[in-house]
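In what comes next, chain A is part of two complexes: it sits with chain B in the first one and with chain C in the second one.
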Partner chain A sequence: MEFFQRTLDGLLEAGPYALVGLGLTLGFGMLRRVNLAYGAGAMLGAYTGSWLHVRMDWPIWAVLPAVIVTTALTGLYVQWLCFGETDRTSGSVQRASPAVSGADAREVVALAASFAVWMQLEQLCVNWIPQHLKRFPDVAATQEWTFGPLGLRPDRLLLSAIAIGLVLAVHHWMQHSRTGLAMRATAVHPLAADLSGMPVAKVQRWGFVLACGLSGVAACGVLALEGQVTPMFGMWMLMKGLTVAMIGGLGSVRGVLFGAICLGVLEAHAQAAWGAIGRDAAAWGLLLLALLIRQRSSATSTTGSVYA
Partner chain B sequence: MLEIRELACAYGKIEALRDVSLSARAGDVTCLLGPNGAGKTTLMMTLAGILQPTRGTITFEGESLLGLSPAQIVDRGLALVPENRLVFPALSVRENLMAGAYRRKDRAAIAGDIEQQLDRFPRLRERIDQLAGTLSGGEQQMLALARALMSRPRLLLMDEPSVGLAPKVVAEIFGIVRQLHAQGISIFLVEQNVHMALKVAQHFFLLQQGRVTFSGTPGELAADDVIHRAYLAGSERKPESDTANV
Partner chain C sequence: MRDALCVSEPGVGLVIQMMVLSMIALSAWLVLRVGRISLGQQAYFGIGGYAAALLTTLGQWPLELALLAASLMGMGSAVLLSWPLLRLPGLHFAVATLALAELVRLGLSGLHFQVPGPQGVPLGPDGVDGFRDIRWLFDHGVSQVDYMLWAGAALALSVLGLMLLSRTRLGLSLLAVGHDETLAESQGLPVNQLRMLAIALAGGLAALAGGLYAHQQTYLEPALFDPMLGIHAVGYSMLGGLATPLGPLLGAMFDLGLLEATRWFEGWRMVLFGTLVAAFLRWRPRGLLDEHTIYHLGRFRPHFSTTLKDSQ
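Let's turn to the complex of A and B:
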């Protein structure tokens, strides 16, 4: 019965992980923007929410949208600073020939720039709020539902339902809306998208901001159950999100759910067997495995990821 | 319909087009010939708004296209079928067609136009839910052509539609070009397969080293000694659909 309880705990843990992986999948997998400041942006949003809650006495219903808006604005900043140059040259015929234009070099510069922004945002948080452990609006349930020998936390169940709903909504929007089609088309072939009359730079810019805004939703979901935010939150977001996105296929919105369930269940069992260190080791091991599988599939595939 | 006057375009300090002047008449198939590196694709990309000229003018139906974005140029009624197709490989055939109609808002008419393209290209109907990246080269060329037609262009720009395709497929593509012309669509075609182009085009231009060096009818083209030697003489003994690369 212990096994089933751990599995159930892991499944419920998948909810927050799916939220974390969703924004990363949109940004990394679909828009092909390797944004290392993903977690740091969410952390800045979280600290802003904490500050508004503790210092300004904002209620939770106002704090959560403020966190999402802050992460979206941070995304706009990262987009402008790190990926603006890529956008300015988007649509040019040179992009069809990276060897001539140095498009690959620009991507490396953008990656390095996003790392610099990660450090910048982290320092901003550390210096802004010297006491690093801060309170966040807490909505964690005080009671557990019991079904025979199994216990279930209703707050985690609610968060999982929200995560599944959001993942399916984003998937539906990407597959069936005009903007979703444009986002997928510009990610696959920007020049062809340009020739089809799509505003490539605009689509990519706002898609990226949306992905960052989703990281704000994830931050709200996770921290509202924890009731606190720490300086390690940014790194946690990046690593968990990356693991989930990699397992899910890096570009597959529905794959995020699969990746989140794998990570959640594995961690729950590893935690029970080997404690916190075992849990972290299992998560790192899973990321490594996903990277190895991804590398091998990339070497044999020429069509890239399938946007499902 | 399309008037290009003294157009110049450069990649940094390298001038790819120099004082190019040519025109395309409504209802005609106009063909631009030229060797590799002559500037043909640069001209097409400039017409599509991807590249901006350094000087000169481009007018389409009396309206200047200078400074317009690719999206605005699609709105004006031009659509480019690019060299090497450039379909969206990870999108289905249907989604590729819908991408071609991105600027349009009339959903019902778009659905009707997709049906029309599938009637025109039956092989695409068979593969409607297949990823475009899994199609053959000929099917991808048909998809690129159908995608461009989804914007309902008044002038269709085609950049080397025969490149890399088997002779049978090339014949099929040019058959479709003839059909489109018969339906009243104006076409500006860049091609190196002179034999096939002679069957469909009413006017020819020759672009060499960024300059227009010849302008004339199919008869004048065939009568020009230099062009005949470069493009036609060697291939007269070959099957008609062989590509006359120079």
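Let's turn to the complex of A and C:
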């Protein structure tokens, strides 16, 4: 029974993980670059939310949209500073070749630049509000539903339902709307998209901003249950998001759900078996395993699975 | 933040730390040179630090031998750990090195191996509390200035070695792998072996840095080699320049020497460093000392740089 309870806890933990992974995988699909400043951007949004909540006494329904907007605007800044120039210099032609086959100069540059912005944003947050714990609007439920020997937190269940709904909605939108089609086209073959008259740079920019906005949604979901923000939040977002997105296949929207469930369940069991260090080690081990297993498919073609 | 990037003492101590960080930056540079980004050089830093400290405290080895053994161990572990990752594409390789480094760090966090020391103090690594009382320098009366000269000699030899290497056919082959893997392969170069060689050398360098660091600080704990250290090492290379081994040195000197040591930017160092690196990368993607600058300076083998310039 203990086993089932842990598995259930892990499954519920998958909700926030899926939310976190969604923005990262969408951003990667758009630009074929990993945005290392992903967590830091969400952290800046969360700090803004905390500041508005504590200092300005904003109610929760105003704080959460403010977090999402701040994160999306940070995304615009990150895109301009780290990913704008690389796109212009490389042009659409080179990007059309199967991406990420080697660490070409542009990839190195984009990765390092987004890392630099990560540090910058994180330090900015810490300088702005130096306390370790910052209050965030708290909506966590205190009661627990019990089903025989199994316990279930209704707020976590709701968050998981939101996560699943959002992932499926984004997937449906990517597959069936014209904007989604444009985004997929620019990701798979920028040159062809350009020749078909699509504003490639614009679609990429706003797709990236949308992905960052989704990371703001993830931050809201996670932090509203925690009721607080710490300076570790940016790193946490990036690492969990990266693991989930890598396991699900970078760029794959539905894969995020699969990755989140794997990570959540594994972490819950590893925590019980080996404690906190074991939990972290299991998460990193899973990421490594996912990379090694996926290497064959990703080495041959990374464009095939985009937004599947 | 409490990792190896925080300068703990002024003067000679700062210079030694700058040399140590230059060395780990140099190891990240070496991997960048063969066209891969490693965000995990801190793992070999940790392995080297622990190995050297174990040998001098528990094995009573002389420091020189211990450092040599630590670098060999760094090389060996780099070969063993990176072997499965060799065929990963660039981005996946970068993330995989990060994951590996974290696994190594967590592994060292769980390492308990203590024996009673001469003064009754237990010696050896003690889990997350790390490895304390690495007192070889005190016991053998080596002053900080002498140690600085040692570290300086090790760094100078490494830079010189890498400069000489880049003049040889082997160095050019490594560079060719970094520039265009497919082209290099079609010219009959053993791409994977060459890459492995660079990764092994980089592991050795990072381990040497770790050994030097552990003995200067007299302690080492897993929190000191967190991902920030590895990412900074890459950042130093990117800022300083990819064309010459002096690039990472320049980057480290800039961050530590100017931003940290002067304390003018107290608390804002990371903001400024981050802004500078990002701005630099936008307008000078191959760093301050890139191939064109080297060519125009005309100091370091202008002939060699011309071929590079043409190939770009």
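To be clear about the criterion, the second predicted complex is superposed on the first by the 276 of 308 C-alpha atoms of A that agree within 3 Å, B and C clash if a C-alpha of one lies under 4 Å from a C-alpha of the other, contacts with A are read in each partner's own complex, and residues count from 1 in each chain.
Simple rule for what comes next: a contact is a pair of C-beta atoms (placed from the backbone, for glycine too) under 8 Å apart; a residue touches a chain by one contact, two chains touch by 3 or more.
Note that the coordinates shown come from a computational prediction; the quantities given were computed from them, not determined experimentally.
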### Task
Would you check which partner chain A:L76 touches, where first means chain B only, second means chain C only, and both and neither mean what they say?
neither
### Task
May I ask you to decide whether A:A182 touches chain B, chain C, both, or neither, giving the answer as first, second, both or neither?
first
### Message
Let me test your reading of the model: by the given contact rule, A:I162 touches which partner, first (chain B), second (chain C), both or neither?
### Response
neither
### Residues of chain A touched, compared between chain B and chain C (which is higher)
C
### Task
Mind working out whether A:L11 is in touch with chain B, chain C, both or neither, as first, second, both or neither?
neither
### Query
When the two structures are overlaid on chain A, which partner does A:L195 contact: first (chain B), second (chain C), both, or neither?
first
### Message
For A:V109, using the defined touch cut-off, is the partner it touches chain B, chain C, both, or neither? Pick first, second, both or neither.
### Response
second
### Query
Looking at the overlay, what does A:I60 touch: chain B (first), chain C (second), both, or neither?
neither
### Query
Looking at chain A, which of its residues have contacts with both chain B and chain C?
302
### Query
Taking the complex as given, what residues does chain A use to touch chain C?
34, 81-82, 84-86, 100-109, 111-113, 115-124, 127, 242, 246, 250, 277, 280-281, 284-285, 287-288, 291-292, 294-295, 298-299, 302
### Query
Given the complex with chain A, which residues does chain B contribute to the contact?
11, 41-42, 45, 48, 50-51, 69-71, 74-75, 79-80, 82, 86-91, 95, 98-100, 102-103, 131, 133-134, 147, 151
### Query
If you look only at chain A, which of its residues touch chain B in the complex?
91-94, 96, 178, 181-182, 184-185, 188-189, 191-199, 302-307
### Task
Mind listing the chain C positions that touch chain A in their complex?
32, 35-37, 84-85, 87-96, 99-100, 102-103, 106-107, 109-110, 181, 231, 234-235, 238, 267-271, 273-279, 281-283, 285-286
